[in-house]
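In structure tokens below, several structures.
Each of the next two complexes has subunit A plus one more chain, namely subunit B in the first and subunit C in the second.
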Partner chain A sequence: MQPGEIKHHLKVFWKLLEISFMTKMAFRFNFLFGYLIDIGWLLFTLAFFKVFYLNVSEIAGWDYGEILVLLGVYWIYQSLIYGVVVIHNLRRLPLRIWNGELDFYLLKPLNSQFLVSCKEIWFPIFLNLIPAVIFIFQGMGITERSFNLSQILAFLVTTLAGLLIVYAIWFMAVCVTFFLDKVDNLPYLPQALIDYVTNYPIDIFKTRTRFILTWFIPLAFVTSIPARVLLGQLNSIYALWASLLAGIFIFFSHKFWRLGLKHYTSASS
Partner chain B sequence: MSVIEVKNLQKFYQVHKKEPGLAGSLKSLFKRKYENVKAVDKISFSISKGELVGFIGPNGAGKTTTLKCLSGLLYPDDGKIEVLGFNPWDRKHEYLKKISLVMGQKNQLWWDLPPLETFILNREIYEIPKDRWQQVLDDLVELLDVSAILNVQVRKLSLGQRMKCELIAALLHSPEVLFLDEPTIGLDVVMQKKMREFIRVYNQKYKATIILTSHYMGDVQELCDRVIIIDKGRIIFDGQLQEITQRYADHKLIKVIFSKHIDEVKLAAVAEVKEYAYPSAVLRVKRGASNAAAAQLLKSFPVADLNIEEPQIEDIIREVFTGKDLA
Partner chain C sequence: MFYKNKQVSGDFKKIRAYLENYLQTFFYYRPQVFLWSVIDMAPLVVLIIVWQAVFQNQDKVAGLSFEQMFSWYVLLSLVRQFLTTGSGKNVITQEIYTGQLSFHLLKPFSYLKRIFTEEVSWRSLQTLLFLPLFFLFLKIFNQSLSLNLSFFKLIALMLIFTFSFLISAFLDYLCGVAAFWLVQTTTLFHLRDIFYWLLGGLAFPPSLLPLWLQKINLGLPFYYVFAFPLQVLTQEVTFFDLGIRVLIQGGWAFILFFLYKLLWKKGLFSYAAWGN
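Entry: the complex of A and B
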């Protein structure tokens, strides 16, 4: 993409955010209720780990403070990935492919993958970024670690790359719809795997699984590795690996999308 | 100058055949029969700048599939398409900015917001300069008479109002080529009329090339000089609307008004009686025999008025599609 096109897409993204805000504001109760459920989940996970750490002092090498940092990163992932791409977009993509609504996305002079991924943003979930940041600071406090600027920078890059990776994996899984008749549950399939792997430290897995989850289905880059980078337990070079993997995964997700589109039949009208 | 060039376009669909009933469903779980359906089978045509062409044909003839191939939504199985010098399937942004596809049964407006919001979003998407956008919008709003509903939630609009707004959303970027798929479907007669007027004005004012598909012959008759008739994925006619009559209608209609009651049996001896309800009758005669039949009517019956007419295009086309020999 040219710089001019990136600017164009950012402008459209901003407009889409505005529109999502307007539509969600029209349903305030829904908005509030949705948020309460999120907070409920957040407290539930926290309680779950708290009970664990009453009995053990560490899980696979992660102590309570470190787990809090991990949970913080997990909630960053949750609010951004679910809010921007999953809830209103990837989950509905199979239906949009099936009923031909995709037509309108393809007709627009925009990158169609961008548009199907970000059209409707469920931004109330962005509020979860607040507890996420609190978790991280609290966790860092408990472990009595301080962080320097380069660590923060490496952390931000790794986190962003991790988000791109998890998005690409999710997106490719949903794109399988193009090759099947109709599969409503497809968007929930990656969710089960991804949420499971990213909610816990990657070290709870055995060596071989961990290796696969780090380099082949690199979900380790979503929460565990950024957390470790921030904690200063992993070298900043991981920011580079993360970016490289993100590039590869985004590239393949786009190829897969183009391949799927060849199989798109649209729905007759 | 030709704006749209289509050569031997082919598009197949794979359809899975299911036997009826629950047993059939269970069977199809394990073993599926697929069948290739030729939606579009080697069609070729070319359309010049500023033309307004009507696509007609029965349901499932391949009209919509052709439009979707032309707008880059579907990947053709074979053949070549060029629109404005682009291959539609590449969906180059410059190409998409020059075309528009309006589907009467689908909508792109945001349901929970007033139409104006969608228009503003499209301004960003199509990168339309603000003053140009305002100018086109004012123009379209006036033509379609929708200034009162621009700020009303789309979900609260009537079908006709929504369709007008759909059109605006599709036209804000002033497309050079416009594909209209059943733009009047579901609209009442008055609204259909207005929509047709608008399409004509738009075609003239913006010099846009337009392909229109419709079930309503009225749309096509009123708007298009040239029609392309598609049936079972093939083009069976491409030419001026009037030519259809000459080519396919082997008969004419004689409409008579009698001044006194007549013997119906005698009338049937002159020509095939299509309708008879005193005082009027409609007779069907062979093309070459109409003058002789008319003369005989005037001689043998108390005729108050008599007209020889071409059959309705709609009727001809219906006959064409119901499998009459086309040779």
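Entry: the complex of A and C
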């Protein structure tokens, strides 16, 4: 993509944000109920770890304060990835492929991967970014750790790269639909796997699995590594690795999308 | 008497016809059915891995060994296949919203019986398709199951599983019929799921909860869907405790059934559809 095109897509993204916000605010009760669901699950994860730590002192070397930091990063991932790309877009992509609705996305003078990924945005979940940040600060307070500017920068870069990586993995998993007969619950499979792997420290896995989850299916870069960077347990070089992996995964997600489109036959819409 | 016998045999024929029909339909969609099993199982596998890591440093947690904890999640993955119901969200709510309910109300067959036959066929097929995965799961972890069974418990378990299924179904249908009045029922289903995870034993055995919460939990229906049958299967339960809990469980099944009947009746009065 040329710099001009990127600017154009950013403008369109802003417009999509505006439209989604207006649409959601037209149904205020749905907005409120939607947020109740999101806050409910957030409170559940918090209660889950509270109960856990009533009975154990650590999980794979992570104490309660460190887990709170991880939980904060996890809810950043949940709010941004679910809010922007999953709930209204990737979950509906299989249906759009089967009923031919995808045609309308391909005909627009925009990058089709961009449009199918963020056409409609689920706003209420963004409010969970507030408790997510509170978790991080509370966790840092419990562990009695402070952070400097370079740690914050490395944390922001790894978190952003982690979000791009997890988006690419989600996207490729959903794109498998192009090659399958109708399996409408396919988007829930990456959800089950990614959510439960990223909700816990990567150190719960044995060495070989941990290696795979760090370098080949790099889900470690979604929550565990950013949390450890902020806690000062890993150095800033991981920000570089994260960026590199994000670039590779986004590139492959685009290639996979192009390959999937070659198999797309439309449905005479 | 003769009329009643004829009606029962007629109903039985209809149930059989519906069961066969649904089984055939669901069998066509077997990849989806199987995929739901895998999706349900994924969080439980991760939880076992979490506990594996925890038990590296300690032998017991809340009085439970790793073998007992492992058995909890493995058996949970199995009982979830036939105890989790989904018709409230996927059928009742949808049919009320789209007006398709009118079509079913006109049929000479009870709506509840129809939903039940659909649920039973889906659950049977899902459990059947899940079994190979269950044995594979046992093989991969190479861990023995900790079961605490007797002949008496096996007999009691039949009743317990029936009540569990009924509680699960009527909680689900209650959320479903709320669609008569609410534009958004999703919140109710999510709320129910949160309670299942936290209090119903999906996230961890209830013995990990603080004592005061364990006591409250015994009076709530969520405990009786998954946690109670699993405790009977894997842990020592006294005859007295078993009897009392089965009574409470049965009580909840009946309360929820009557509540459903009441809401269904009231809901039908406020139901309006057109142009089907």
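In the analysis below, the second predicted complex is superposed on the first by the 268 of 269 C-alpha atoms of A that agree within 3 Å, B and C clash if a C-alpha of one lies under 4 Å from a C-alpha of the other, contacts with A are read in each partner's own complex, and residues count from 1 in each chain.
Note that in this section a contact is a pair of C-beta atoms (placed from the backbone, for glycine too) under 8 Å apart; a residue touches a chain by one contact, two chains touch by 3 or more.
Since the model is a prediction, treat every value here as computed from it, not as a measurement.
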After the superposition on A, what does A:Leu261 contact: first (subunit B), second (subunit C), both or neither? first
Looking at the overlay, what does A:Met25 touch: subunit B (first), subunit C (second), both, or neither? neither
Of the two partners subunit B and subunit C, which one touches more residues belonging to subunit A? C
Quick one: classify A:Leu107 as touching subunit B (first), subunit C (second), both or neither. first
Based on the A-chain superposition described above, do subunit B and subunit C contact any of the same residues on subunit A, and if so which? 181
Touching subunit A in the complex, subunit C uses residues 31-32, 35-36, 38-40, 42-43, 46-47, 49-50, 52-54, 56-58, 61-62, 183-184, 186-187, 190-191, 194, 197-198, 203-204, 208-210
Residues of subunit A defined as touching subunit C within the complex: 29-30, 33-34, 36-37, 40-41, 44, 47-48, 51-52, 54-56, 58-60, 181, 183-186, 188-189, 191-193, 195-197, 199-200, 203-205
In the complex, subunit A residues that touch subunit B: 5, 8, 11-12, 15-16, 19, 22-23, 26, 100-101, 103-104, 106-110, 112, 181, 261-266, 268-269
The subunit B residues in contact with subunit A across the complex are 13, 16, 60, 64-65, 68, 71-75, 91, 93-94, 96-97, 99-101, 103-106, 108, 110, 112-113, 117, 120-121, 124-127, 181-182
